[in-house]
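You will see chain A twice below: alongside chain B first, and alongside chain C after that.
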Partner chain A sequence: MKYLHLVWSGLCRKKLRTSLTLLSIVVAFVLFGFLAAVQEALVGGVALAGADRLIVREKVSIINLLPISYEERMERIPGVDFATHQTWFGGIYQDPKNFFMQNPVEPEKFLKMHPEFILPPDQLKAWLETRTGAIVGRRTADRFHWKVGDKVPIQSSIWSNRDGSRHWDFDIVGIFDGKEKGTDTTPMFFRYDYFDEGRQGFGQGEVGWYTIRIKDPSQAAEVAKRVDAEFENSSAETKTEPEGAFIQAWASQIGNIVFIVAAILSAVFFTILLVTGNTMAQAVRERTGEIGVLKAIGFTNRQVLFLVLAESCLLTVIGGVVGLGLARAVTPVMAAQLSGLLPLFFFPASALLLGFGLSFLLGLVTGIFPAISAMRLSVADSLRRM
Partner chain B sequence: MSLDKPKNGALVRVEGVEKVFHRGSEDIHVLANVNLQVAAGEFLSMMGPSGSGKSTLLNLIGGLDRPTNGMVIVGDDRIDQLPDRILAGWRARHIGFVFQLYNLMPMLTAERNVELPLLLTHLTRAERKKHVEIALEMVGLSHRARHYPRTLSGGEQQRVGIARGIVTDPTLLLCDEPTGDLDRKSGDEILDLLQALNREHGKAIIMVTHDPHASARAARTVYLNKGELSLEPVK
Partner chain C sequence: MSGLFNWFLQIGSITKFGLMSLPQRRGSAAATIIGIAGVVAVLVGVLSIAAGFKQAMTVSGSPDGAIILRSGADSEMVSGLGRDETRIIADTPGIARNDQGPLASAELFVIIDLPKISTGTDANVPLRGVEAGAFQVRDNLKIIEGRKFDWGKNEVIVGRGAAREFAGLQVGSNIKVGRYEWPVVGIFSADGGAAESEIWTDARVLQAAYNRGDSFQSVSVKLNSPGAFQAFKDALTSNPQLNVQVIRQTDYYTQQSQAITRLVTTLGFAIAFLMAVGAVFGALNTMYSAVAVRSREIGTLRALGFGGGAVVVSLLLESLLLALVGGLIGGGLAYAAFNNFHTSTMNFQSFSQLTFAFRVTPALLVRGITWAAVIGLIGGLFPAIRAARLPITVALREL
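Moving on to the complex of A and B:
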């Protein structure tokens, strides 16, 4: 700590250059924060996916429906505990930008399948007693200021009601919370019986996809094969996969998110590496004489190496902390705007730690060559250059 | 080892020293068979034209460079054979440097500049502060402790440089043209200060200078010409 003022004075020497370098580091880490949030939003669900849950969808495409009769047949397959279904409703609330997920489900089986959704028992009771009842996640309830007892109209982009319109009314009977921080609390779920009896045109007696719980997660692959074999050569063949793989495949429709994020960050950090490395190299070159003085009064080569490295690390860590802090502060604001599109958009703590480590590593890498050159300077030579 | 009790009375012994610099394929002989002894508490001046090897000899005595041949002994230590890391510590404990262009850190205040050599010691912050106050008081700059070098005159900057040189209480002060960048008045003040450090505090001083007026303040003057040492000025 006693060297801190000496290290700090090195950074203050060329304030404009240091500020610009710092700004570029801050921007890089803000970008890092946003990309980490995007990645979390798109593939974060994979980590939260239940290991004992399989998703069964139509073999060709998820937009093709499956018969409701499959549920009982699946539950008879060895290794399957029970099955339940969901269907994509594709609705909006008042305005197309107010998009979020709403799916018709079987209330009790659905909540048994998804223990990550926490619903008070009295609200479950109300849901079972109300045919038009719907439960909504906390984030969406907060977003639209909905409360239990409200009647909300939802416009479906797919399903027509009995009166020929796509306007559906629901009574909010419950608001659920997530068991974990990453649990998505933006969807709304309503009763399948109300939906199936109400819809007209197509799809009666059919569902979007099934979720099945298996008795032994280590048998997932075998059970998936058995399920697909059960419906082979039928009019609606199935494709069964673990829930994590299903979410991953869903995100992969946009592209290989992890690769895209890694590619962008690599380009950004390589540029920052050059910018910061150049700043440090110039700083050492300009201070050759001062380094000579330090060595003359007794600083060892190793201490000089440490001072230069400490300076570059201080620069990058300050930039990293400010950038990560900004990203952390701004992400919730963006998340509120994107909650319909990217419900899990948040800056995970693991990315914060990774970013901090990265800022320190950046300091070491950019400082190491100037530090070695400062360490190798001959005292007499550097004093002559003063 | 202490510099206060040198063997056979000499604090500094330079014996048969040669220094050759290599520039491409050319060898430049800067010092040739130089022999010199400086007693503890002595104020020695070294004069000679530019390129005569004065600063090179001073660097060798201060352990900033190594001779091509010969021995440099300060106190009981043969410093030309000390490893770099040990030599750095030795300089910190025993030598104070004063440079022609002051060589202060521009981003540090006067007191922070003076404190620099103390960072290498085990002194606490309060102890360092006390030492810095004493050193600045000795050079008459207590009232300028919080000032940055750019706000000080040349003479004041050199006083800060001297305070930095003496703050660790070294036995030997090496001054390379300490008045070379100052006007006569400021130069005289610096020379007064060096004389006081020599007479009142017993510091041995070796001063390189071009200026006969400055050299006259020393107890003894030696002359260097083309790498050879003599007791007579160059004609």
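Moving on to the complex of A and C:
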């Protein structure tokens, strides 16, 4: 700590150069923050998936429906606690750009299955009393300024209503919040009985997919096998997998996101590494004489090494902290813009830690070569160069 | 006249000086070049995704083709048409004909789960049931391996892109459709268009496998000419027996590529812009130190009568040159790494996978190099002005 002043005045020696380098480090960490948020938005659901939940879908394709009668049959399978279902409604509110998910569910079982959605008890009661009732997540409610008591018209792209049109009306009876920061509060859920009696043409008595709560998460693979065996050779065979694997597969459909993000980040860091490394090398070269003086008055080689490394780390850590802070401040603004596209756009806390660690590492890597060359300078040589 | 010539001569000699001293500053010059190369590589690389996706969609549609969906359906997936309707559509004037009748194909569009080879996870692969006219409506379709499926049999042919991206789609293997295994009998190409992501079979056997009765989801037709579209559209939309929308093939595919192209382009520009800002700082650093090292030289030159303008221009040239080298390296890297890189992604409009190849087009390369030049100019401008403004006496006293 007592050398902090020395390190600091090293940085202040060429203020312009130090600030330019600092700014490029800041930029790199702002980018790091955004990319972390993008990745979180696309694959973050995997981490939040319930370990005790399985998803059952039709084997050939998720667009094929499953009979409603499967629910009871599943609940009789050993290891299954209970099962409930959802169906893709594919609704449009006013404009296709206003995308959010709306699914018919069985209210009580659904909320029991998904404790991450928090609905006040009086609103649940209202939902059970209102056939056309729907609950909507906080984000979507805020986005369209919906309040409890509003009537919301939705146009389904798939399901015809009883009057032959695709127009469905819902009464908002509740607004739910998420238990965790990463919980998706963009969907709307409404009652399956209203949906099933209303729909015309095809699909009556059929649902999109099931979610199963299992009694023991360590038995997931066995229970999944039992479920698929139960429906083997029927007209609708099933494919059962843990919720996490299901979400992972879904994210992989968009592309290999983790790889793309990692590739961009490496390009960015490589670039910054060069810029910073160059600055440090220059700084040490200019100071050959001073380093000689330091050594002459009794600084050990290790102390000189430490001084140079401390200087580069101080530079990168300041840049990292500022950059991450900026990214953190700006992501909520961007999230509002991206609401329809990426419902879960936020800066994950884990990225903050990782970014901090990276900034330190960046300092070590860029400082190490100049530091070693400073350490190796002989006193006589460097004093002669003054 | 001789003044102007003299000025150019001055620029030439100062630039030569600068370039000759580059080896002394090779560390910082290399950092600038690589920094700018990084920006250009990322910019061109990300935009090549959008360009490839757009290209796949563009070659899919031809201006004399049209697709008919149920009114209100924004994609084939959620559309539905009965046999009566598809007959009326096929008999509407304006459709090109050959000796077998109108060039129209009533089609079924479903998806099946197949594992992606790259990740091993299940993906939605489109499976299209077609009628005989389909091969004339999409006349760029060619069987490149095996043979066409037999009508009335449970056989499929597979697009080249799908065969590359998804497991189990080689000629001779089987896929499970409904409850039965269907053999793959051929692979087809379609000039890199969206059809290459699809699996094709006879619409009739697909209807049976999916218990769809006698219903379809869309009708694709080839018109007499691109100009026949409006009359054909009016005839269908004014027909009281039908409740359909008619979309020109080119518009249909453009519309499908819009969302993803916009997303990727926005992200690409945002990332590249931030990186470019970083690279400008790097370039500024390099040029400031270049100027600092040479302030005595520059002072001497100006004392000898070289003009301040010549100093600025030649320093800009030097910075521009470094940037262009960086831009060329970055563009070359992006071309080597990304051009023709095959992948697939989710097309949310059709809820299924689209296989496509990244395209590093000449326009993208030009754009990348333009960015590099701008970064170089900004990075050189301020240090150059500083060098030109420094009083000669101060500059000569430096060091």
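Just so it is clear, the second predicted complex is superposed on the first by the 381 of 386 C-alpha atoms of A that agree within 3 Å, B and C clash if a C-alpha of one lies under 4 Å from a C-alpha of the other, contacts with A are read in each partner's own complex, and residues count from 1 in each chain.
The definition used in the following text is that a residue touches a chain if its C-beta (ideal position, glycine included) is under 8 Å from a C-beta of that chain, and two chains touch if they have at least 3 such contacts.
All values reported here derive from a predicted model rather than from experimental measurement.
Chemist: Look at A:K239 in the shared chain and tell me whether it touches chain B only, chain C only, both, or neither; answer first, second, both or neither.
Modeler: After superposing on A, A:K239 lies in contact with chain C but is clear of chain B.
Chemist: Where does A:S157 make contact in the superposed view: on chain B (first), on chain C (second), on both, or on neither?
Modeler: second
Chemist: A:G79 contacts which: chain B (first), chain C (second), both, neither?
Modeler: Neither partner.
Chemist: State whether A:G90 touches chain B only (first), chain C only (second), both chains, or neither.
Modeler: A:G90 sits against chain C, while chain B stays out of touch.
Chemist: Would you check which partner chain A:R17 touches, where first means chain B only, second means chain C only, and both and neither mean what they say?
Modeler: The answer is second: A:R17 touches chain C but not chain B.
Chemist: Thinking of the overlay built on chain A, is A:A296 touched by chain B (first), by chain C (second), by both, or by neither?
Modeler: Once the two structures are laid over each other on A, A:A296 reaches chain B alone.
Chemist: Can A:G325 be said to touch chain B (first), chain C (second), both, or neither?
Modeler: After superposing on A, A:G325 lies clear of both chain B and chain C.
Chemist: Which residues of chain C touch chain A in their complex?
Modeler: 27-28, 30-31, 34-35, 38-39, 41-42, 46, 72-74, 77-78, 110-113, 116, 118-119, 121-124, 176-179, 263, 267, 270-271, 274-275, 277-279, 281-282, 284-286, 288-289, 343-346, 351, 353
Chemist: What residues on chain A touch chain C, complex-wise?
Modeler: The touching residues are 16-17, 20-21, 23-24, 27-28, 30-31, 34-35, 38, 59-63, 90, 96, 155, 157-158, 166, 235, 237, 239, 245, 248-249, 252-256, 264, 267-268, 270-272, 274-275, 277-279, 281-282, 341.
Chemist: Within their complex, state which residues of chain A touch chain B.
Modeler: Where chain A meets chain B, its residues are 2-3, 5-6, 9-10, 12-13, 289-290, 292-303, 378-380, 383, 386.
Chemist: Can you tell me which positions in chain B touch chain A when the two form their complex?
Modeler: Those in contact with chain A are residues 56, 59, 62, 64-65, 84-85, 88-89, 91-93, 97, 99, 101, 103, 105-108, 112, 116-117, 119-120, 125, 164.
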